[in-house]
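Which chain is which? They are A, B, C and D, in the order written, and residues in each are numbered from 1.
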Amino acid sequence: MTAIDINCDMGESFGNWTMGRDSEVMPYITSANIAGGYHAGDPHVMRETVELAAEHDVGIGVHPGLPDKMGFGRRTMDATPEEVRDYVVYQLGALTAFANRHGASVQHVKPHGAMYSMLSESEAHCRAVMEGMLEVDPDLVYLATDMNIYEVAREYDELDAVFEGYVDLDYNPDRTLIVEKSVGPKDPELVADRVVSIATRGEIEAVDGTTINVPASSICIHGDGSNAVELLETIHDRLDAEGIELASLDELV
Amino acid sequence: MTAIDINCDMGESFGNWTMGRDSEVMPYITSANIAGGYHAGDPHVMRETVELAAEHDVGIGVHPGLPDKMGFGRRTMDATPEEVRDYVVYQLGALTAFANRHGASVQHVKPHGAMYSMLSESEAHCRAVMEGMLEVDPDLVYLATDMNIYEVAREYDELDAVFEGYVDLDYNPDRTLIVEKSVGPKDPELVADRVVSIATRGEIEAVDGTTINVPASSICIHGDGSNAVELLETIHDRLDAEGIELASLDELV
Amino acid sequence: MTAIDINCDMGESFGNWTMGRDSEVMPYITSANIAGGYHAGDPHVMRETVELAAEHDVGIGVHPGLPDKMGFGRRTMDATPEEVRDYVVYQLGALTAFANRHGASVQHVKPHGAMYSMLSESEAHCRAVMEGMLEVDPDLVYLATDMNIYEVAREYDELDAVFEGYVDLDYNPDRTLIVEKSVGPKDPELVADRVVSIATRGEIEAVDGTTINVPASSICIHGDGSNAVELLETIHDRLDAEGIELASLDELV
Amino acid sequence: MTAIDINCDMGESFGNWTMGRDSEVMPYITSANIAGGYHAGDPHVMRETVELAAEHDVGIGVHPGLPDKMGFGRRTMDATPEEVRDYVVYQLGALTAFANRHGASVQHVKPHGAMYSMLSESEAHCRAVMEGMLEVDPDLVYLATDMNIYEVAREYDELDAVFEGYVDLDYNPDRTLIVEKSVGPKDPELVADRVVSIATRGEIEAVDGTTINVPASSICIHGDGSNAVELLETIHDRLDAEGIELASLDELV
């Protein structure tokens, strides 16, 4: 049976500052990427977000960032592969302790923002992070945002990796994404079409009308998009109608 | 056979700033209290300190602090029991991930500085931290710096607790310590006498010459004390001569 | 002619996290308390907030906080008078540099949250901050949130101090405020009555119906209150009708 | 009369972590580059360092860094020109407040570590910082570590700029420096020769024996170099013997 995961970034509030609509979005997703306290999040937010994920039986993942709250982890920095690996291990461990409270473990790792860009551009950084993950817990899944990273991950026999596709942003024909500063409202039917297209055929229509290959087992939704909840409702209805199952990452690998 | 643990605070360097003499002291201790990144330490320092502990077969413990690097975690703050619990869980988890790399787990928790004072003064904070520990890993040992905390810990059947004694500082007759801003040189033979006295009789001579009860299974040494290594060497020789065994906390509970 | 200042906390966004409605509120106030980067704010936010204040000819003040972003500066900490003084001097200087860009200087200092509580409870902290201010710039005004602090300030001949009153919260008969976690909607006419009562008679009706003394030359409005802009509009209309002038702090001292 | 400035980085301790030998070095220099709290330093350290500089009549400069204490400001980050400008303005203002306490103002700006590298590589960043300085105080001197930056500075008529030379590191023939992880002991006579050569002829011998142009009016000494104080004593003796005067930056421009 065809199955797909829906993931979303979560837990990006910090102290007195709130961000996102975690409690509205969590019921519709199967994997949560939870900020680890470096670019966003704090211990209290992490505990609450893990609780929310556990309530909805959502796979718990860590969304580690660079140590740059002022820049929200969106500015690449000239850190060594070993430094970035240690930032991932630290945040992964911290989140695991909160997951333990629910008898759960961390399911996956999806680096945030500039950290993901650094991994995409440097194989050494990519390998350091993946080897760091394997040392902590060989059952972890790497959730890959781009093909450079996905291909490195697949070279490790012992590492499970899943590629993710985007449906609330447009793709260029070369499979890069057309990033929006804040994700505006999207047509729910178009977005649902894209999910089905990725889930059943591994492809999507790019902005120029050509069909491109997106071999994704997971769909990323921007939880802070203008009509994120509406999109998720429509996706659920469509998957139901098409007989496509929702499954978290650890059920897919 | 009589046995005792020797613990020491470790991993308190941060970025480019170094502190302590971890590599000189580690060979002589059985349990290391490793800073968790809040009052001191960072992911790189934590990795290195855990490696050093693993090399010397030293029990790995977390030394969690308040989120106050500028004050080195030495200023009490009006944080709630739940906030302090979450700070402990976060740092405990982070250290665990580094321990996992060595097939080890975290053995114990010993709160640092003002966090320990807050636990000593508020049973609610104390209970929140201990219940937080139990949710993460019921095998953890709480290493108690004062009797208020130790007595709360002993009310939890499922929580192992060990009381620690000090030998490079003087005790007042009421079992409070005479704190020194930086620990000056101490007479090695006097210090070794104190270790033997605590290990064999559970008592020590206070500053006024009276004998007080110190029911400790662990001895804390200040690694940055003026002659810490000399003290540790003398302690080792004396324990050997007296037939007292060294054992890490998890061997003692 | 009777005159009064209206002050509001501003610039409490941080990096990617926004807070408050600064651009909506700024046109209605005469003095802005701008976060200095410790409990909230960052250099970019400070620059933008100072620009906004300068555009509307609003007096620029610093709203210094404790170094505790995770707790939004709302947790008292056991910092010395000298430490708190230096936190104020640092943030005051930083804001001054942004004010210089507009040919302006910093008009006043109003400590935030737990820092203000610490000053209220400790005369030593209070004096350290005030003497620190005088060393930096003797023309600064101290904007006092409670009477303990105001009375200390008035003991310094060379320090200008202004007491502030609240009109969108209720007073207890002992002149303490009934704090609301987030300030709910208030009756604009009642709030305007209170402003006039403070401005013309230096008194206000407490929650039990008794009249209490509030010798304030400035009114603080919570910019994030549910209907803050509506309140400010009504206050402006009323002041106009009553012939009460609006004036920034440095015009009042 | 020939004159030269000697500058040194100062105030790089943080909280409980100490760095450098500020009190030993300060008597020998004429301009201090004081950390502004981002890569190093804190309000207490800044106050003490400014006091020390004032005691020895040393020109007070700010040594602003990137907001990256964990990396000691040594990792370039993808921050915009406006962001870097605002980091400089913030730290410059903060230091100015401490200087005000001594009736002094800030004399100069010398960006630290990776911030200086970013300015050297990007004219846009360089211009943003210099224009930011001019808006705060047109009397500030820019102390330039490399020729790219110096040449941009000289395009601003209203900005004073001074180029600095190094004498405790070796130059490559292309005027780049051979950086040492920590500066080892140097021959005092060789170092003094270099100072005289720069002060009188604006040139120095590179590592390959060729003579290169170093049009510096200031000499930078690494205060944490193995024999920094010895070097400074020898330099002072030699300048005295050669009739070369010591002068702070604002006396030279």
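Observations on the model:
Keep this in mind: a residue touches a chain if its C-beta (ideal position, glycine included) is under 8 Å from a C-beta of that chain, and two chains touch if they have at least 3 such contacts.
In UniProt terms the chains read A, B, C, D = 5-oxoprolinase subunit PxpA.
Since the structure is predicted, the reported quantities are computational estimates derived from the model, not experimental observations.
Of all residue numbers used at the contact between chain B and chain D, over half are used by both chains, marking a mostly same-residue interface. The pair with more inter-chain C-beta contacts, choosing from C-D and B-C, is C-D. Taking the mean of the C-alpha atoms as each chain's centre, chain B and chain C sit 44 Å apart. For this pair, chain C with chain D, the centres built from the Cα atoms lie 39 Å apart.
Contact with two or more other chains is made by residues 70-71, 83 of chain A.
Of all residues in chain B, only 37, 43-44, 46-47, 82-83, 86-87, 89-98, 100-101, 135-137 touch chain A in the complex they form. Residues of chain D that touch chain B in their complex: 14-19, 40, 42, 69-72, 74.
Contact residues on chain C toward chain B in their complex (touch as defined above): 67-68, 70-71, 75-79, 83, 114.
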